[in-house]
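Next up: the structures, one after another.
Below, subunit A partners subunit B and then partners subunit C, in two separate complexes.
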Partner chain A sequence: MTENILTCKNLVLHYTAKKGVVKAVNGISISLLKGESLALVGESGCGKTSLAKAIIRLLPRNIHTYNGEILIDGQDTMKLSEKQFREEIRWKKISMIFQGAMNSLNPVLKVGYQVAEPLLIHEKMKKNEALERAKKALSVVGIQESFVERYPFELSGGMKQRVVTAMALITNPAIIILDEPTSALDVITQANIMNLLKRLKKERGLSYFFITHDIALSSELADKIAVMYAGEIQEIASADIFYKKPAHPYSKKLMASVPTLRTDKKPEFIVGSPASLINPPSGCKFHPRCPSAFDKCIKETPPTFDLGSGHLAKCWLFEKGWGKE
Partner chain B sequence: MNNSEGLLKVENLKKWFEMRKGILSNPVFVRAVDDVSFSLGKGEAMSLVGESGSGKTTLGKTILRLYKPTEGKIIVNNKDISNANPKELMWYRRETSIIEQDPYGALPSFFTIYRILEEPLLIHKFGNLEERRKRIHEVLDEVRLTPIEDFASKYPHMLSGGQLQRVAIARALTLRPKLVIADEPVSMLDASVRIEILNLLRELQRNLGISFIYVTHDLTTTKYFSERLFIMYAGKIIESGRMFEVIHNPQHPYTEALLNAIPDPDAENRKVLRNIPPGEPPNLVNPPSGCRFHPRCPYKMDICDKKEPSTFEPEREHYTMCWLHEIK
Partner chain C sequence: MSSESYEFTIKGTIKELLTYKSGIFGIAFFILLVILSFYTIVALPYDQTIRLWRGEGGVWLETPRTAQPYWVNYFGQNLPETIKRDSSQSGQSGVIKIITPIPDTNMKVARISFTFDFSYDSFPSEINIFFSAKYNENSPFLNIYWVKPDGNEIKLLTYIPRSQNDKLYLSINPEVKSALNLYVYNVLGGAPESPLPPEYSLFAVEDASMNSTSTAKPLKGTYKLYIDGTLFGEDSNIDAKLIVYGKVYGIAGTDNQRRDLTIGLLWGIPIALAFGLTASFVITFLDLLLATISGYYGGKTDSLIQRITEFYMILPFLPVLIMISTFYKLDLGVLLAVVIALSIFGGGIKSTRALVMQIKEYPYIEAAKAYGASSKRIVFLYIIPKILPPIIPTLIGAVPTFVFLEAALAILGLGIPNLPSWGKIINDSFGNGALYKGNYYWVLEPAFLLIFTSLAFSFIGFALDKIVNPKLREV
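And then the complex of A and B:
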C-alpha cells in the first residue's frame, strides 16, 4: 500500500508588495504518493515557484500570510520551529533543485565541497567522510569521482546540472522539488538529464515535485499533473487522462498551445494575459480568458469538483459531473 | 546547395574569431562558421536550427555582414558583398534587417515607439515627414499594435514583452527589406505569446514576400514556420532539406538524436528512456578530426574520424554530411 509522502491542505502564501498583497498561493490542497511524480504546470507568474517555496519553507521577508497544513512523511511541518525544520526536514526529507541552480555554483570552491556541503550543515559530518560521500553522489549522477577536485568553470552546462542534482540527492531525501531543472540546457542535454532523473526515480523510489511551464517536457516525468493558474490549482489528473483528455478549459487551452513535432496539429495561443495576483478577477480567475464562461463564473468562485479516480477540476462546468457539461 | 534562382547565395563561408590567451602567445581561432554553403530563394523561409555554440547566430550575423567573413562568398542579387566596405553596404542594410532575441534590450528606452520606428527611415533618408508617418502607421497596423496613435506615443517600458517584440518586428519591416533574419525571436517571451508572435511573423513573411531565416534551437516551432530546414552542428550545416522530409526521415545521426530528444506530450514518455548519444557539442577551437559528430555518433565507422564527409544527396533536395550515405 502506498502512502502520501507529501500532503498540503489549504496552503496559503501571500506577500506584501508596494502595490498590494500578492496572492501567490491561494488555498492549495495537493498530495504526492511515495515514489510518484507530480508535474506542476502553468504560465510564468502563476505562483508555481511560490508553492514550492512554501512547502520547503524558504520564504522571503515580505510575508503577509503563510498558513495551512503541510504533512511531510507524516510530520506536520507547520508546527515545527525554523530550527527544527532545518534540522529534521529540509534536505533530509525534501530537497530542491532551483531554477538556474547550475549558474549559482560558487566559482571559487571545488565541486566536491559544494556537493558535500549539505552533509556538513545538515548532518554535521566530518569533512573527509563528506567528501567520500560526494564522490559517490557524483558517480550516481554520471560524473567521474575525480571531478570533486574540479572547479565549476571546468564543467559544461549539463555537468553542472548533474552536480546540483548530486547536491539534492546527497542526504537521501524522499522528495525532490525540481524547479525548471533544464531551462537553460540544450535539448539533447535536457533529454540526458531527464533520462538521469527517470533512472534515479526508479532506483531510489524518489518522489518528484516537478515545476515546469513546458507541457511536453512535463510528460517526461509526471505520473500526475496539477495545472496552476492565478495561485490556484485548476485541475489535477493522472498522466494517462491529462495528455489525452484534459477537463478544465484552461488545461485544454494549454494543451492546444503546445507545438508538436510528430503531429500536424497547429498550436493555438491563449487570448488575453495571465490574471494579476494582486487584483485577481472575481469568481473563477480564468473567466476573462475562458471560452466557456457563463454568468456564474463571473460571480462565484467554483469549488473543486471530483470527476472520479482522483481527477479534480475547479470549474463550474463540472457541477453536474464530467461529460455532462 | 540548390536553387540557383535565389536571392541569397552563400559559398564556402567561414567566420573564425581570433582569440589570444596572452599578448605574446600565438592566436587560436574559434571556428564558429566553418565552410558553409547554401542558397535562399525569393520569398522563401528557412529555419536554421542548432544547439548553443553551433554557430547559428554567427552565420546569421555574417550573412547580414554585421561580421566580416574570414573566407568565402556572400552573393545577394548576383552582387558579391563578402568584402564590401560599410559605404558600399548601405543599400544592403536597407534591404536586410534583424529581429533579435531580447526585445527588452533591443529598443532604446528614451525614444517613443514612433521615434524608434522613424530611426531607420531617417538613417536611410526615406521620404518626407508625411511619407514617414504613413509608413510608420502602416507597419504598426501590420504588427497589430492598435490603436496606432496610442502605441506610437508610448515608451518601451509601458509595453509588455510580446508588444515590445511586435515593435521590434515593425522596426525590422519599416524599410520593406527583402531579407529578414530572426534570431530566437520568441525565446524570451511567455509560452502563451510565442505562438502568437510566430504566427504573425509567418503571415507578414508571406504577405510581404520576404525571404526569411528563422534561427532557433527549438525544432518544434520551425515546422509551422518555414519550407526548408537546416541543421547546424559545430560550425557546419550537417543536414538540409524540405521541412517534412528532414523531420520525418532524418539522414544525419545528429538530426536523428535531436529529434529523439524532443518529447511530444504523451503519458508514455515517462516510462521509457530516450535514446540519446552522451556528451556535448565540441569545442570550436579544436574541433574533432573528420566528422565533428564522430565522438558522439552511434554509427561511427573507420573513415569518420579520418576524413571530413562531403555533402551527399540521399533523397532529392535533401542533403547531409555523413559518410553513411556515400555511394560505393
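And then the complex of A and C:
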C-alpha cells in the first residue's frame, strides 16, 4: 500500500488557441499509491480532463507545451516514444474510461469485439480467444455473455458503461483513469456503477484516478481527494480529513455548495466565474473569488504547504502555520 | 438476437430490400442480367466470339443483311425468312439432284432442281447460289432456269464456275439482270418506270404492278430453280446451295455485315456489368479510402490529396481519354484503368473528407486511440465502416453511370475495339444510317438493354437508399 504506482512531477500541458496559450495543466505534482483511489474534483474547465489526457498522453494537435515527469509503475513515460507508449503503457499499465461512455463505443462493432479490441491490439490474440476473454470480462461487470453479439445501440446507458468498464479491465492494468464515469447516468445506475467499481477495486487491487465534479459522489470511492482549480492542484487530503475539515478556502466553498438532505442549510455558491486559463489572475489563481484573500494573494503565487499527514494546500493562509491543528 | 441485428448482414439486407417493390424489381433484373452473362460466357466463349464478330472465314455468308428480328412478324407483318436449299445434303425436301453419265464419253449430264414455297408479303432481300464443283480440266457448263408458281419459266444465265467453290450472286449478276430486264419488258410490253432489282422481277406478280418497286407484289406459291449442266470428267460432280435471303433473322436481327446481333447484345451484358461494377466499386472505394486518409491524417497528407483532387477536377475527362486512346491501344482493361485513374480523385473526396473530419472527433475514436488502436486500425475498423452505409446506395446508383460512359465512349469511337458492346453496336448502326434507313431495331435493342441494366441498378439503389436513409421511407 505504500508503493507509488503513478507519480507526476511538475506536469505542464498548455494548448495553443486563437486567443492565446491555454494553461490547462500548470505544474501539477500528484501521486497515487497502489490500490488507492484518488478523486480529482473541480469545476468544469479547470483542467481535470486535460490532466488525465496528459497522463495517458492523448494529446490534441494544438499542443503548446507538454513537459514534466510522469512515472507509471516506476517507468518514466515521458522518455518513451509514441509507439512504445502505445504498446507498453496504454491499457497494459493504465487504462481509461471516458466521459460519456455511450459515445466511446464504436457503433459498428459488436460489443464482444469491442471489448476484445485491446486484446487484439496489445496481445495479438486470436479472435476467438479474445472473444472468450471478452465474455468473461463482460460477466465480471455483470453483463450476460450472450450480449457479445449485440451492437452498442442495443444497450442501455448503464450497460454501455459496464461494457466500457469491462474494456478497461480486460488487459488487467494497474491504474484506471475514470473521467466522469457516471455523469450521463441516472442516480440508480450511478449507484450500481459505483458499487461495481468498488467491488472491482477490492477484488483486483486497482488504483483509480477518478475525475468528477461531484464531491458527493467522490466520497463514495475516494481514499484521497485532490481539488483542482485553474490548472493547479489547490489541496490534497485524505478523504477522512477533507470531508471533515477542508483547508483551502476554495475547498471550503466547494463543500458548502453541496446540497444537504436533512438540514435546512442553503447551498452556497462561489461568486464570480472560473478563472480564465488563457489569462489567469496574478498570484493565487483563486484570489478574485476568495473571501479570505489579502494583498499577498494578489502578488505572489502561493507554494504548497504541508499541513501534516499528507495534507497539502496551496494557500498563503497556511504560511505561518495558520489553520494547523 | 439474430432478428434484432439481421439488418446488418448481407442476407438481412437482401431480405429488407425485398420488402420494397423497387428492390424486388431491381434484384430480379440484376439476377436476370447475371444469368444471361454467365450463359453468354459459357455458350459463346471469348475467342469464338471475337472470331465470329470479325466474320472470319465467311461465317456470315448465309445470313441476310440488316434483317429485322423475326418477332416483328408477330406484329402484323409477314416478312420473308431465309430459305436454304442444299443439294449436297441428301434427303432435303425440295431438292432433286440427278447426274447421268453420257455413254461413250467422259461427260455427264447434271440436273439439280430446288423447289420452295414462298408465301410472304415482301420480297426477299437477296438471292445467291454457292457452287461446289469437282472437275479436272474443264469447268462444268451450267444453264440456270427459274420457274414461277404460275408456270412461267425464265432462263437466267449460262454459267461456268471459275473455281471449285464459286459463288453466284444472282441479285447483282449483270447477265441475270439483263435477262430479267428483258423478261419484264416482255411482260409489261415496255420498260418499267423504275428498273426492278432481280429479286423483285423473280418474285413479282406479273401484271401492271410490276411497273415499279413500290407497287410490285410478291407472287405466293411454289417456286423452282433448276440447273441443267454438263460435267466433264470421269469423277466430276457438282453441288449447289441456293439461298433466298429473307428480311428477318433471329431474336435480334442482323447488322449490315450480316452479323447476328444476338451475339453482340449478349456479350454486351457481361461487358457492361464488368465495366460498370468494377469502375463503380473501385472508384467509390478508392475515393472513400483517399478521403478518409485525407480527413483523418490531416496536415500535409490532407493538403496533398486535396490539391491533387482540385487538379483532377479541372482536368477535362474526354480530351484526356481521346489523347490516351490515340497513343495506346484500348482494350477493356486499359479503358477501365484510364477511367478509374481519371475518376478516383473526384468531387466525392471532398464531401467524404468533410464527414471523416467530423467523425474523427467522436469520443469513440479517442477511446480507440487510448486503448492503443493504430491509425490504420482506426481508419479501417472505426471510420470507414461508419461512413460506408450511406455510400453503398450511391455506389450501386453509380453503376449505370459507368455503363452509360462505356457506351458513350464506344459511340465516340473510344470503345473496346475487338469485342462487341452495346455502345459499339449503336456506333455501327449510327455509322450505317440505321435510323435513316428505318432499321430502328438496330438502335433500339442495345438502347433498351442499356436502360434495362441501368434500371436494375437504379431500383436496387433506390431501395437501399430507403434502408440506410429511413427518412425516405414511405409511411
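We adopt the following convention: the second predicted complex is superposed on the first by the 319 of 325 C-alpha atoms of A that agree within 3 Å, B and C clash if a C-alpha of one lies under 4 Å from a C-alpha of the other, contacts with A are read in each partner's own complex, and residues count from 1 in each chain.
The definition used in the following text is that a contact is a pair of C-beta atoms (placed from the backbone, for glycine too) under 8 Å apart; a residue touches a chain by one contact, two chains touch by 3 or more.
The model shown is predicted, which means the values in this text are computed figures rather than measured ones.
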Fit or clash between subunit C and subunit B when superposed on subunit A: fit
Included angle at subunit A between vectors to subunit C and subunit B, based on C-alpha centres and rounded to the nearest 10 degrees: 80
Considering only the touch criterion stated at the top, classify A:Arg204 as touching first (subunit B), second (subunit C), both, or neither. neither
So, does A:Arg150 touch the first partner subunit B, the second partner subunit C, both, or neither? second
Name the contact category of A:Gly100: first (subunit B only), second (subunit C only), both, or neither. second
By the touch definition at the top of the document, which applies to A:Lys245: first (subunit B), second (subunit C), both, or neither? neither
Just checking: does A:Glu268 make contact with subunit B only, subunit C only, both, or neither of them? Give me first, second, both or neither. first
Taking the superposition as given, does A:Ser44 touch the first partner, subunit B, the second, subunit C, both, or neither? first
Answer with first, second, both or neither: which of subunit B and subunit C does A:Ile121 touch in the superposed model? second
In the overlay, work out which of subunit B or subunit C sits against more residues of subunit A. B
In the superposed arrangement, which partner chain does A:Lys296 touch: subunit B (first), subunit C (second), both, or neither? neither
Quote the smallest CA-to-CA distance from subunit B to subunit C in the superposed model, rounded to whole Å. 5
Once the two structures are fitted together, what part of subunit A is touched by subunit B and by subunit C alike? none
Would you tell me which residues of subunit A are touching subunit C in their complex? 56, 58, 61, 86-87, 90-91, 95-96, 98-100, 103-110, 117-118, 121-122, 146, 149-151, 154, 164, 167
Inside the complex, what are the residues of subunit A that reach subunit B? 37, 43-44, 156-158, 186-192, 194-195, 198-199, 213-223, 238-240, 242-244, 255, 257-263, 266-270, 273-274
Residue ranges of subunit B touching subunit A (in the complex, touch as defined): 51-52, 160, 190-196, 199, 217, 219-221, 223-224, 247, 257-267, 269-270, 273-274, 276-278, 280-281
Can you list the residues on subunit C that touch subunit A in the complex? 1, 4-5, 8, 298, 362-364, 366-374, 377, 381-382, 385-386
